[in-house]
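So, here come the structures, one by one.
Common to both upcoming complexes is chain A, partnered first by chain B, then by chain C.
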Partner chain A sequence: MNERDTAVWWAKVRSGGPQREPAGSRSPDGMRRLVESDAQSVWLLAHLPTGAGPHVLAEYGQEPMTLSDLSGTLRVLAACLRCCWADPAADPWPGRLAGLEQVDTVLAALTPGRDRISRRRLLTAGLRRLETSRWVLPTPGHVRLGPRVSAWTAMDLSTLREMWRMLPSSDHPTSDHLQEQA
Partner chain B sequence: MTGPDELPFEAAVADSTVLAIYRQVHSVLARTSGSMIDDSGSVDIDEAILNAFALAGPAGLTIEQVCAACQTFADSVVRRRFEVLRSYRAVSKVNERPNEMYYQAAFAPYVMLLFLRRLSHTGGLSELHQLLSVARLAIDDETTTLEQGRDHLVQMTTVFRLLANPIMQLAKSGTVESLREQAEPLLGNQELLDQATAYHNRAADIWPQLLPECTDLRLAVAGYRDAVAAAAGRLIDKAGRTRALGLLPAERWRTFAREADIDELAAAVDGLLFDAPDPFFTAQDLLTAVEEGLHTDVGRTPPPRPRIDDGGPGDLPNIDGDLRLLVDRAEEFLAGGDKVTVAALLAAAGDWPSGRRVLSDLTAIGLRPELPYELTWGDGLRVDAGAEVTWVSDGWLRRQNVTVAS
Partner chain C sequence: MNSERNVVFDTVLAPLTDRQRENVEAAYALLEHSREPVHRQELPALQDPTSRERLEQLLRRTGRTLVAVDDVRFTSGYDDTVTAELTADGWQPLTPVERAVLVLVLVYSVAIPRSEEQLGADAWTSGFVTTETDVLKDGKVPAGVGKAALSRLVSCGLLARRRDRAGGEGGYVPGPQLLRLTPAARSRLQDQLILAAAPSHPLAAAIRERRNRTSRENIR
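This part shows the complex of A and B:
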């Protein structure tokens, strides 16, 4: 892979987010490879040093990218994390497949006072917003974590583990069961 | 200028020479005799014709040869332009005699053409710079007379006045769009102002006797500076925070976006790289949102409800006070019985004002179908001239369920 290909890859990742490639492809310089659980494909992510990531925006006091209903979206992501992150001792990627019903159960604890319909609406909209930047990868009826969750640092992960324990588990059909179905 | 009849012969000849040059110069502007060109195509044709003459050498060209040389343009168009040029004497016969086939061209129209081109590109500011430089050099020139110096000063004054007036007009009352379009080529720079000031100072030093003209020039330059400042101030006001005067107005962008096809739109952003919409969520953000969600007060305030005690359907609908009053009144009228005539009630009421109140109550009771009373009217009429109420229709107030039962 020469310099030009590397540049093209970087442009692709910068403008289109993480890119999914067949497993055999070569990886450009400075990219991270995230292997899918079935090992058939990999995700290419820009591997930025800690001083060059999105944290820089906050460091310089710049407004981060605005997202409509930020807290709602964050709660949806938290619910997905609770359901898809099977073992909080390990890394969240690749995680496991979770049914939307499970996510909805966890989300109900996070958004008290919402009725079923408006919670469903929040879930759908939140998943859509999260999917555009590859935080989650929804499939009809199910959802799993996207490659971007691997951007969290070890310190972030310890905070997230704490959060994981705070959240109630979904007592609905286990994800293993669902995975068999899928 | 004085009248021609007063001029001596030499002056008249000099004037006619000026006029001839003037006409030649303006031939490149004339489309048909009398009207000006309004498209650059005609100028191109003129240039082609004059080029052909330049290449032809001293022998000149016939009109057919000119047409052949200008093959990129239609024959008829070239002939028409040629006629225009000839009528202005920009092109003339080599020998002034009948049946002369060969023509030659004057150089002044071509020079004018070059000037036109330049002026259309630069708006004339560089010519103004050159004029200023020439005038400035002329001051130091030993051979320059006082009269020439005065002429130069007056010319410069006129130039600056002409330059300042449209800018000031636009800055004061023109729309911002026209100001943006037209003023930019007119807007001078500090260099021009400095040059004019230097010229003025030098002229005032050298020729103290020309101070009135110098004052005019100073005023004109100051007026130009004011006009430019006003126009720039207005433009900056309208340009907003970006101070980007070259930005197109938003309407132009919108029109383009609406009318362009996909290829044009793609070409507009060709070579640009846009970052993906990737909001980054730190773990702290997530934790905050989750904690807020978990600790949200679940107790929702119930929606407002009407403040009436809903006792359910009772035997008597005692929903509002009016109904209860009416029921009391009806029972009072009936006095325990099941039926009473209106005439008896009116007679019991005594005088007419209280009788009227009785009547209105009766009507109100009769108009409430939810009350178990009924007011019916018959055809009979009781007339008693001596009584307080002189005539009474037949009418009864009945208890409804009793009526049905009987």
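This part shows the complex of A and C:
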């Protein structure tokens, strides 16, 4: 692949998030390939050296372009991570498929006071926002983690493992959630 | 998980000293990932001609270019030639509704104040708020998809939400990503806004004529 095509691919991934391509396709320079579990396709992601990644911003006191949690989007991501990251000792990608009911059970504990309908609305909108950057890959009734989670560094993962352990499991719903189901 | 080398960075930055490489990588990170433009004091790579040349090459190799927002602040944007190639191939990450909502906000927050000379000719940030009513009711965008589009445009920085301190409706203004537009991209967007907001205005006729002339010359 020449320099021109490589530049176009980087712009595609920057504007449209990680891109899914057939397994036999060539990789643009500087991109990571994440093989899908069916081995039929790969995700292409920009791979930046640590010194050029978003973590550098903290040293300069600059605000990064982060997803805001104004509408609870990060809680939705946390609930997905708790359900789809089967073994926190391993990498989160590719993780496992989780039912939206499972995710909703964890989300109930993270958003106390919200009723089932309002929570379902938050889940739908949150998944849509997270899907844009490929943090998650929703399918009807289910969700799994998206290729973007593979960009987390060892330090990020250490923090996320701690968070994972603090979050309730979908096997142990909160009393609010049990009352709703009753 | 992030231990592999990046061949683009390694190739472009190979001639630099460790110190220069560190500065160029930091400048790349700041330009690419900061929410707002960065002051040149934070970008020592811009002061050293060799480092600056390598930084610009690095941006170009990754489809980007250096954008000067004003005399002292910088950011990065899409390389115009890459944009042209992607759009010619039909690449479009935004849905038609998201584009329609973005245009409506630009009309209310930029085009109208600019036509009243309340906003500079090349300004793309604005304090003039577009309300949800402007978009959903007067803009005739269906409420469900319109709200989803507003939310997505805010999350990717193309719009910013403004709360009304007086308890009013609040609304939306163009987001910091608009500052990443290159001069050529700003000029194209300005033309498109005129064509969208005032298609029968003489200015719109002049833009159509100029475009027809350019495409005729390109065919020759």
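By our rule, the second predicted complex is superposed on the first by the 154 of 182 C-alpha atoms of A that agree within 3 Å, B and C clash if a C-alpha of one lies under 4 Å from a C-alpha of the other, contacts with A are read in each partner's own complex, and residues count from 1 in each chain.
Keep in mind that, in the parts below, a residue touches a chain if its C-beta (ideal position, glycine included) is under 8 Å from a C-beta of that chain, and two chains touch if they have at least 3 such contacts.
This one's a predicted model, so the numbers in the text were calculated from it and none came from an experiment.
Peer 1: When the two structures are overlaid on chain A, which partner does A:A89 contact: first (chain B), second (chain C), both, or neither?
Peer 2: Once the two structures are laid over each other on A, A:A89 reaches no partner at all.
Peer 1: Could you look at A:S71 and tell me whether it touches chain B, chain C, both or neither (first, second, both, neither)?
Peer 2: both
Peer 1: Kindly classify A:D29 by the partners it touches after superposition: chain B alone (first), chain C alone (second), both, or neither?
Peer 2: Second partner only.
Peer 1: Applying the document's definition of touch, where does A:L167 land relative to chain B and chain C: first, second, both, or neither?
Peer 2: Only chain B is touched by A:L167; chain C is not.
Peer 1: Touch test for A:T132: chain B only (first), chain C only (second), both, or neither?
Peer 2: A:T132: touches chain B and chain C.
Peer 1: Which holds for A:I117: it touches chain B only (first), chain C only (second), both, or neither?
Peer 2: It touches nothing on chain B or chain C.
Peer 1: Using the superposition on chain A described above, determine whether A:A154 touches chain B (first), chain C (second), both, or neither.
Peer 2: A:A154 sits against chain C, while chain B stays out of touch.
Peer 1: Which holds for A:G16: it touches chain B only (first), chain C only (second), both, or neither?
Peer 2: In the superposed model, A:G16 contacts both chain B and chain C.
Peer 1: For A:P49, select first, second, both or neither according to whether it touches chain B, chain C, the two together, or no partner.
Peer 2: A:P49: touches chain C, not chain B.
Peer 1: Across the two complexes, what residues of chain A are contacted by chain B and by chain C?
Peer 2: Touching chain B in the first complex and chain C in the second, residues 11, 14-17, 53-55, 57, 64-65, 67, 70-71, 132, 151-152, 157 of chain A appear in both lists.
Peer 1: Touching chain A in the complex: which residues of chain C?
Peer 2: Going by the criterion above, the answer is residues 1-2, 4-9, 21-22, 25-26, 28-30, 32-36, 38, 42, 60-64, 78-79, 82-83, 85-86, 91, 93, 148, 151-152, 154-157, 161.
Peer 1: If you look only at chain A, which of its residues touch chain B in the complex?
Peer 2: Chain A reaches chain B through residues 11, 14-17, 53-55, 57-58, 64-65, 67, 70-71, 74-75, 77-78, 81, 109-113, 132-135, 148, 151-152, 155-157, 159-160, 162-163, 166-167.
Peer 1: What does chain A use to touch chain C in their complex?
Peer 2: Of all residues in chain A, those touching chain C are 3, 6-12, 14-17, 29-30, 32, 46-57, 59-60, 62-68, 70-71, 73, 91, 125, 128-129, 132, 150-154, 157.
Peer 1: What residues on chain B touch chain A, complex-wise?
Peer 2: By the definition above, chain B touches chain A via 273-294, 296, 298, 300.
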